[in-house]
Amino acid sequence: MTGSLSRDVILTILVSAILIWIMPLMIATYTLTVLVIYGMLGLSLGLIWGFGGILCFGQAAFFGLGAYTYAIAAINIGESTVPMILAVLVPAVFAALLGAMMFYGRLTDVYLGVITLVVTLILFKFMNSTAGPQYVIGKARMGGFNGIPGFQTLNVPGDPSAFIWGDAYFYVCAVALAIVFVLVSALLRSSFGRVAVGIRENETRIALMGYDVRARKTALFAVGAAIAGLAGALFANWGEIVTPNLFSLSQSAEIIIWCIVGGLGTRLGPILGAAGLAYLKFLLGQQSMIDNTLIMGLILVLFVLFLPRGIVPALASLWRISFGRRPLGRIHQVRRTRNRERLNG
Amino acid sequence: MDLSFVILVEMLYAVASLILIGAGLAVVFGMMKVINLAHGEFMMMGGYATITAVNLGVNVFVAMLVIAPLIVGLIGLVVERLVIRHLYGRLVDTMLATWGLSLFFIGMTTMIFGNTTTGISTPIPGFAVGGYQINGYNFFIIVVSVLLLIGILAVLKTTRAGLVARGAMQRADMAASLGYSPDRIYMATFFCGSALSGLAGAVLAPLVGLVPTSGGAYIAKAFITVIAGGPSLVAGLLSSAGFFGIVSQVFTFAISPVIGEVALLVAAVILLRLLPQGITGRFLKGRL
Amino acid sequence: MTLNRRKFLGATAAMTGAAMLPRAVLAADTIKLGSIVDTSGIFDAYGKPMDMALRLAVNEINGAGGLLGRKIEVMAYDTQSDMALYSQYAQQLTRQDKVDVVHGGILSASREAIRQTMRKTGTLYFYNVQYEGGVCDRNIFCNGLTPAQQAEVLVPWAMKEAGGKKVYTLAADYNYGQITARWIEKYVRDAGGEVLSTDFFPLDVADFGATIAKIQTAAPDLVIAPLVGGAHLSFFRQWAASGMKDKIPLASTTLGVGNEHKVLTPEEGNGIMVAYSYSQDLDTPANTAFKERWSAAYGDPSALHELAISTYYGVHTWAKGVEMAGSVERDAVVAALETGVSFDGPAGKYTVDPKTHHATVDVHLMKFKDQKMDVVETLSQRPPIDTQTVCDLEANPDDNTQYEIQI
């Protein structure tokens, strides 16, 4: 977290421009698009978990909500601009309400996990049982287990017949991710972001300083949900179908795995974790030697045991040890983590 | 009259199955403050162990009550030594590691047994109550869960091991200073917890079609029951299983099984909002 | 295998004087057949035999000299029971691999996820699974059974066997179950009966105790249960365990598709009535010969099921169309198939219905007996009457909808 925001922005633009140029030469854009979308989803949890300390077992709920909101709104409205906005707002509002309920009830840790898990389950079960003709929102049939196919996909704002798809859609998603990344960076550099990190480190201390911890956690939670909702809407556009599987526990689990593998407390880690593991899964689908679930499970266990901080922080510290100067702040931070671990046993 | 008896039995059965599902998780959580998210897969493996044993010609009750708990307990022991041991005191990390384990076990079982549904039939015939037929196996489950609760209580209250375990539960450091190795105690506890999960999976196996992903259906319920129960082991399990079992069955009979399940989940959210430390965090404090 | 075939092909091509051509051009000389099913994950019990059947059919065609003198090359992807991967691999098959035809999809959602991609890219698509009916699209051929094909014959027969008019329906709560339940209701009424109640269950419900008590309160003469998947199998277990099985007869349009009759014990399964176009236990020379070929290729044929057979038919029907058209070009093949091509195989004759692109098939009424399906009666060449009421591709070749059939 050294350097100024403007340097950050310039760096982001440079790196993402190079990546957007190079990556399509190696991987088909269609696959790349979904990796970018998953990256954004990973970032959404990475933000609230890695920087806010809120472990949400149901990030998939916001992802699915965004996708469903988009699909339903797109069928009813017949163009894509308003649905995109709704797909960000609805999950954010939902998360704000849910977060307010949890944080003002002073739920922490495991209990937070249970509630988010249960809410995801409720949504999953509800969406699964909407196959009957009585479940209609406007012109959109909810479709139950089969989901909603055949909605209007992304178009140029103002011109519903000019669809954005194929390669163009990849560029839209990639630029969206870059923008979200810059916004997240800005948020983390603002006083709001610094206080959020403070809350993660020691909630009581921040509360005693006079900050309203509950309101801040709720707001951060809503921001995370908004990003997840945007990822959901982009995903809906990419797959051209939304199904209740978006809400499933395994989807939530995958997001958590991405963050762990990529590295918590970094912005880049969850994105790389998400894209890397999703691509791994795609590659594994072309072989049938070993069951893929087994590999994913093994990866998670090994990471928790041997690399609990994830790839990006590990690489970063390796880099620093080998080449870099050691900034003072970093040593303090390492010492602090070590102390905390000692305290917690 | 007959119908109300049937409903009563179904409610008792719902409560009993929640107790069974939650027991293994509760023992591990209550003693070690470790949440084992592979609990559902331990149950699933208990089911597979039973079916395999029965297919090899073992008596079905022996398979359910002896073989399955033993095998799953041993698997649990290996897991504890290899993984959990390194993560004590790191609640979130254990949850993640056991989540990984659950995926691993699903993959493993799929590779061994395939994804086809398997199962055995219930060993106890149904019988008639007035104009209704009742599944006789429901009574077996009710009896097993009652015996299980009594058993846990008896072990904790009357035996030396139970005393040590209770001591370690309250103050692990004190138990250690008195010469009881927490490492050993935790190992034994995890073995017992896994064995209980195996038992639950085995006993419930004849009622369902078993697939490697069956565990997923149990874990959420078990997790909710145990967390909502709160810190005390038996009282917490009994009270939350009773509460959720009755709520879900009332809605199941009144409307449909889906609404029953949703009612259970909604009740859990409300309960945790009102009692963030679980039922026994507020009432019945200090009981077992 | 594939490598050998490619080498062999290369050698043949070289002999015909094309030795100077680069390999990419040689590869274009094979006909590419894309396959996209779940061969791992929760649906692999359906997907694996489908994949095997597809390869068996392709090997048969290649063994007999190929198609139009060219070999067929299979490009298969495992979607791991993950809907997102369907979209991904469909793009891969159509845009990168540029296959000539795609066979695949299991759940209706997976079909809808890839159908539009196939249409947009002009890739002919075969969907070989029993489903809820109503898809009307000139680019797709569906040769699985649809609800009316089963319910039309199963319901009156089961009611006659049960000797009563009161029916209780338990259906899986998704499109297939909802639509099937409506067809069941129609045919129960047509047979002069009444449906006491229809209950829907999401696919993960595994506890049917309360439902069984409810059914007993309603006291029907027959229970029809189009329930789907592992969790729903519990119903048949719990039904038998409560001792109801010998009191009220059961019928189903889905039980047995994934060979569930081999999982249920004889005591649990015996007497359940079903209607399918195929069962392993069909005692016909064609089926015996087919099972021998299957055994020779893969060993034990016990995993075979109707979906695998439909896939086998799908490949052969497509091959007939290609031969008739003399090209793999989509429009020519579609036009050829629309002449009403039929293929005779282990399950009897499947004929393409030109109006709907669905299949006219033989339906067998069967009862479970000792973990086998015992054929009671065979009804030949039942057309897809449900889809026919809404879909007419001859009049409307540009149609592209999945209709919800109103009854």
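By letter and in written order, the chains are A, B and C; residue numbering begins at 1 in each of them.
Keep in mind that, in the parts below, contacts are C-beta pairs under 8 Å (C-beta built on N, C-alpha and C of every residue); 3 or more make two chains touch, one makes a residue touch a chain.
Chain labels with UniProt names: A = Amino acid/amide ABC transporter membrane protein 2, HAAT family; B = Amino acid/amide ABC transporter membrane protein 1, HAAT family.
Source: prediction; values computed, not measured.
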Open item on the list: Going by the touch criterion at the top, tell me which pair is linked by more C-beta contacts: A-C or B-C.
Closed with: B-C
Open item on the list: Suppose chain centres are the mean of their C-alpha atoms. Which chain sits farthest from subunit B?
Closed with: C
Task: Whole-Å separation of chain centres (CA-atom averages), subunit A against subunit B - done: 32
Task: subunit A and subunit C, separation of their C-alpha mean positions in angstrom - done: 38
- [ ] Just give me the whole-number Å value for how far the CA centre of subunit B lies from that of subunit C.
- [x] 39
Task: In subunit A, residues with contacts to at least two other chains - done: 125, 129, 291-293
TODO: For subunit B, write out the residues touching at least two other chains, lowest number first.
DONE: 110, 258, 261
Open item on the list: Please output the residue numbers of subunit C that touch at least 2 other chains, ranges allowed.
Closed with: 40-41, 173, 200, 202, 204
Task: Residues of subunit B defined as touching subunit C within the complex - done: 3, 6-7, 10, 13-14, 110, 114-122, 124-128, 131-138, 206-211, 213-214, 217, 249, 252-253, 256-258, 260-261
- [ ] Note which residues of subunit C are touching subunit A in the complex, please.
- [x] 39-41, 77-80, 82-85, 87-89, 91-92, 95-96, 107-109, 112-113, 116-117, 173-175, 177-178, 200, 202-204, 404
Open item on the list: Help me check something: in the complex, which residues belonging to subunit A touch subunit C?
Closed with: 28, 30-31, 34, 125, 128-129, 131-133, 143-147, 149-150, 235, 238-241, 243, 245, 281-282, 284-286, 288, 291-293
Task: Residue ranges of subunit B in contact with subunit A within the complex - done: 35, 83, 86-93, 95-97, 99-108, 110-111, 216, 220, 223-224, 227-228, 258, 261-262, 265-266, 268-269, 272-273, 276
Open item on the list: Applying the document's contact rule, which stretches of subunit A touch subunit B when the two form their complex?
Closed with: 55, 101-102, 105-107, 109-111, 113-115, 117-119, 121-122, 125-126, 129, 249-250, 253, 256-257, 260, 290-305, 308, 344-345
